[in-house]
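Both of the next two complexes hold chain A, though its partner changes from chain B to chain C.
Up next, the complex of A and B:
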């Protein structure tokens, strides 16, 4: 609903006029209040931010905080951005990728060619960030993305670590972080170190299961025995072949990266077949509390990688809120439990607006690009600096692991492993599922 | 012993596919309607089930009894108001309309229920199983699905061959014009047929919701297996559809046992093999 309204609102000329009126009136109203705003009363061209997000389709769960975040950003930029005494309103034009990479590329091109945006932002999986960034790179539009592990984003687009990209910048964690935190997590309690994996035949599953770059070589190095039957085709309605093999090999740890419906089928079948592992760390499926809450007591104790949580010790530069305050406001306004994409959606706009503030103004695309490149910003998901990444154009954010604990009738995520990011405090020790 | 378990799990999976396919089989058998929105209607029924169970606080089985008439009524209205207008000698309009319906249902569900992955909580039943020995245990929930699939087909078979309404269904299916000459209102009969098909969809949807997680976008992926089961069994044959579902389920289970990457492929290969040997399926009823 959010997307449609925004599309509808933001396209029309009337909207633009309305923005001007609003900006002028807010400037006028401010006359008597704050002397600094008097100088900003001169209104210039607006900054236009293009935003591509999977608002519908299978990835829509990642886009749930969108409306809340957009409202926050609008409120925070109500007075526009002041550059050289000229006041520039901020317009955000939202487009739905429908969870398809082709559609994402199409709407990105529309934003660039028809709406003539000054900066592009996009998030949530390679299906969104890669095609959008590619369009921006071709057309010379500054672009900031997040919420895709950096390897599938950088190498998935044919990035060369020596050269990098000219217009497109990305911040998130990478394969080395999730492997590091998962291995440290699994070593916390004594097990027989036999690990079974569920890796589907998709970009995530193949990356995790890659015999050179993925989990297998490091598992071997740390003395784990891997039971990997191969890549299955998702969605699947039957996991009995996996479960039988796991039982036969005495698997005590299971890991994987599978969507919630597959995990639902697997976890129920595992229960029916009497397969009860000590640790279950399932990326994707167990990132969202709503997806695992229906398991009741069987959700208590599941583990997952954590990219952002209310206990992350960071503060938003846009609203001044701590992570806990951001999560609390989200829960109060929407009535929904916080999810990890909330922090990242917020940080995406933080970084974009920080760059616009340091640019020379709307339409000065090269100055906006240079401002992004020289970003050194403390966001709600941690410091962002594209000069310090493992490859050019990338900034890494911290990753830890958490365990779901039942508290009352709600599941809370507690940080139980922080070897890769010691600044994020551990809240509890890992507990076995059985 | 491992192989016996594989076959058993395949049969249980086949029950699920048969249940998905039965509604399709009915719609095609009677109205020659290829319903692209079938998967989304199943997901719609799952959400109706979720709302009924959560708001009324009733047991899912009671919820099922409430959802079936709701979906059947919806089916009758859908057929009378929309789908009847698309049926004719051209097969394309119903395809396009149901394709559009699929998109509309998905996005309506997304608007109303958000993209959260949901599930009807069945408590202990979720992991309940009958343990035969170390290697073989049969999940109670999948067993219920299989038994219901068989019961549904039994009931439909009775409806079709032992009742006046069934005779009208079959007559309309065989020759619409002659049936009309005999005083049968095709539009009403089609509406009733859709109501029956949607009652089956309701059962499939609620059981899907009890069995695993679902979200507004998972409908279309379930459509393909449904079509395959219908075609393996032979168009218009209900027992054939059950057989088709079981063959598909067992093939997939055997494929998965060899290598998980083969699970889906094996089902498709079996489907192709049967098409080569018996192009009209195992038990074709109609001759067109």
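Up next, the complex of A and C:
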């Protein structure tokens, strides 16, 4: 049986994998690693990390920092991971989900069944993290995900708070955090407290608009008047009905969680139809400088929840960089402005590599899973510990709110509200849009 | 009298008899796969089987019956949702839920047919697409099935399919193989029956076949319902593999119809061999190019355009032009003595 399996492994090496190994070894030579350093310890089997990311399609903007983060991780793990005196190289296999949960499930299964990975990592919206985690749970593969609010991830997969999941772990903030920071934000300036919402009929929209667990009950409690016309079907190319109703009801605050193209349509039509709210806090759509830059002056003053920024007071356990140093290196190397997924993609690999270091070695999947479960790690996005979350398998990261400010030809995100995470410093006061 | 009796109508040829042996050998190999191949190979073959079955079903509609549908994703999505509803809410074993989904979808497709059959040609195509969109929007409103957010099939239900992981993989693999063989056999037998003749007549000229006594509506309806049922069964299988369903992926035009049309057009429309070749080409291109993101889609588009311009009968059409071959003997041949 054993020899049969080995034989199969030999046939299993595809040309592409062979090329990767060759490229990695020539890369090590180029970095000037002396042979004595590489072969200091016994060399064992590699740790294989599978990584699913929306590199193309509508969510591609989330994957912008991937290349940079992967290079950093490769550099940080070029000496491999040493377990019991044996040196294990780290190999990362990247698959594009094409922003589709169908494709995400397929590539996750490919990574599990064909590449025989030791650990799976995935990030960016329920469309990516949920199908990937589902495949891992069924196939018994340790999995770490982030960048999906924890309720759509945990409850969206049918999670039971009493039992949790066996193989899949997730760290991010939740609906309660965004509700807390948003409410505190909106109370900063005097308004008529009439709020209009745009919640699409998708995982995030249904979670935020949930009449029990979402925004509505807390808004009422705090004395806000809610103008909610129901879940709309995204993508939508006409928001006139919403805008008319908002105008009629005298809405001064706009909130929602909508994809960038929808926000583009909504914000343009709001401008044309003379609807000018005092505050516009739009999750997802206005998280990215590239997505709002086309609005020019109308992007100045938009507000958004902030999950990571260069001012977050955390240090990477992988590279020793502060948040500011990480963002600066990213901007210097890529020529692009920092974005929030940069910190989270970095932390995803931090947590995975920390778990691998504490495991019993490649192929020891139970030990890798147990190492993830017992994670107690200070990452670039804050402490990660899956034992202390609101439900099993979840760890929460801090959330604040920020406002985009035009500075020269660049939009800067400044922290204007930190009631949920006081360790992150406030940089400015909220200004009204009008 | 003697002149008339001096010809013979036959269907099988020497090549088709050799091919029959070939198909039996291939089937034997496919049956043996779970006993020597890895889990990754099995998953690949399952995916191959469901795309090929979808292609055979679309080809049955468009290639043989002239019903060009761009709404087959309606039945894939319905199949997926039926599986989830049956296994999560009614506790039905997922593998048993697959044929149940087929029966229910056959029933649903009948009233659908009465709507779309009022339209012809391009209007029929758009009509089927609209039907699929209606189903997508409808399922986005059903919150017990996850609404627009979608739902995952609980790990417990999947684990209870069989006693262990290997047994589960095997059971799903054989289910996929049965669906593929049954689907292909259905097309083959339909085309050899009187329906085959009637269909060919309808596709070539509706008024002419009507005047010869072909019951156009009944023939079309039979084909439409049969293809919907099998497409639904495939949909249930697909989402048993994906483990997660949401309206956008269940009723995805690109995944379940556009890719399938590509397969049939490239392989050769109106033949049983065409979809097989098309699926091989599609999977070949995908394994070579899918890591290149949008470039992959551009290449697929270019291949489709080039084929339609220079070889509208597909790869199998090119082959039959050179060699008079038929691996699935459905056409009748006249041999003069």
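By definition in this document, the second predicted complex is superposed on the first by the 394 of 434 C-alpha atoms of A that agree within 3 Å, B and C clash if a C-alpha of one lies under 4 Å from a C-alpha of the other, contacts with A are read in each partner's own complex, and residues count from 1 in each chain.
Note that contacts are C-beta pairs under 8 Å (C-beta built on N, C-alpha and C of every residue); 3 or more make two chains touch, one makes a residue touch a chain.
Fair warning: this is a prediction, and the values are worked out from it, not measured in the lab.
Peer 1: With chain A superposed, do chain B and chain C clash or fit?
Peer 2: clash
Peer 1: Kindly classify A:56 by the partners it touches after superposition: chain B alone (first), chain C alone (second), both, or neither?
Peer 2: both
Peer 1: On the A-aligned overlay, A:241 touches which partner chain: chain B = first, chain C = second, or both, or neither?
Peer 2: So A:241 only meets chain B here.
Peer 1: With both complexes superposed on chain A, which partner does A:130 reach: first (chain B), second (chain C), both or neither?
Peer 2: A:130: touches chain C, not chain B.
Peer 1: By the touch definition at the top of the document, which applies to A:142: first (chain B), second (chain C), both, or neither?
Peer 2: In the superposition, A:142 touches no partner, neither chain B nor chain C.
Peer 1: Quick one: classify A:80 as touching chain B (first), chain C (second), both or neither.
Peer 2: Touch status of A:80: no partner.
Peer 1: Which partner does A:156 reach: the first (chain B), the second (chain C), both, or neither?
Peer 2: Second partner only, chain C.
Peer 1: Could you look at A:263 and tell me whether it touches chain B, chain C, both or neither (first, second, both, neither)?
Peer 2: first
Peer 1: Check the residue A:277 against both partner chains and state whether it touches chain B (first), chain C (second), both, or neither.
Peer 2: So A:277 meets neither chain B nor chain C here.
Peer 1: So, does A:231 touch the first partner chain B, the second partner chain C, both, or neither?
Peer 2: Touch status of A:231: both partners.
Peer 1: Check each of 8-16, 62-70 or 98-106 in chain B against chain C and return the one that clashes.
Peer 2: It is 98-106.
Peer 1: Do any residues of chain A touch both chain B and chain C, and if so, which are they?
Peer 2: 56, 201, 231, 233
Peer 1: In the complex formed with chain A, which residues of chain B make contact?
Peer 2: 2, 5-6, 9-10, 13, 16-17, 106-107, 110-111, 114-121, 123, 126-129, 131, 135, 137-142, 211-218, 221, 249, 252-253, 256-257, 259-261, 263-265
Peer 1: Give every residue of chain A touching chain C within the complex, in rising order.
Peer 2: Contacts found on chain A: 8, 12, 55-56, 95-96, 98, 100-102, 105-106, 109-110, 113-114, 126, 130-131, 134-135, 137-140, 152, 156-158, 165-166, 200-203, 205-207, 231, 233.
Peer 1: Using the touch rule from the top, collect the residues of chain A that touch chain B in their complex.
Peer 2: Touch residues, chain A against chain B: 1, 56-61, 63-64, 99, 201, 229-233, 235-238, 240-242, 244, 247, 260-261, 263-265, 268-269, 271-274, 288, 290-291, 294-296, 298.
Peer 1: Which chain C residues qualify as touching chain A in the complex?
Peer 2: So the residues of chain C touching chain A come out as 38-40, 43, 47, 137, 140-141, 146-155, 158-159, 165, 241-244, 246, 248-249, 252, 255, 290-291, 293-294.
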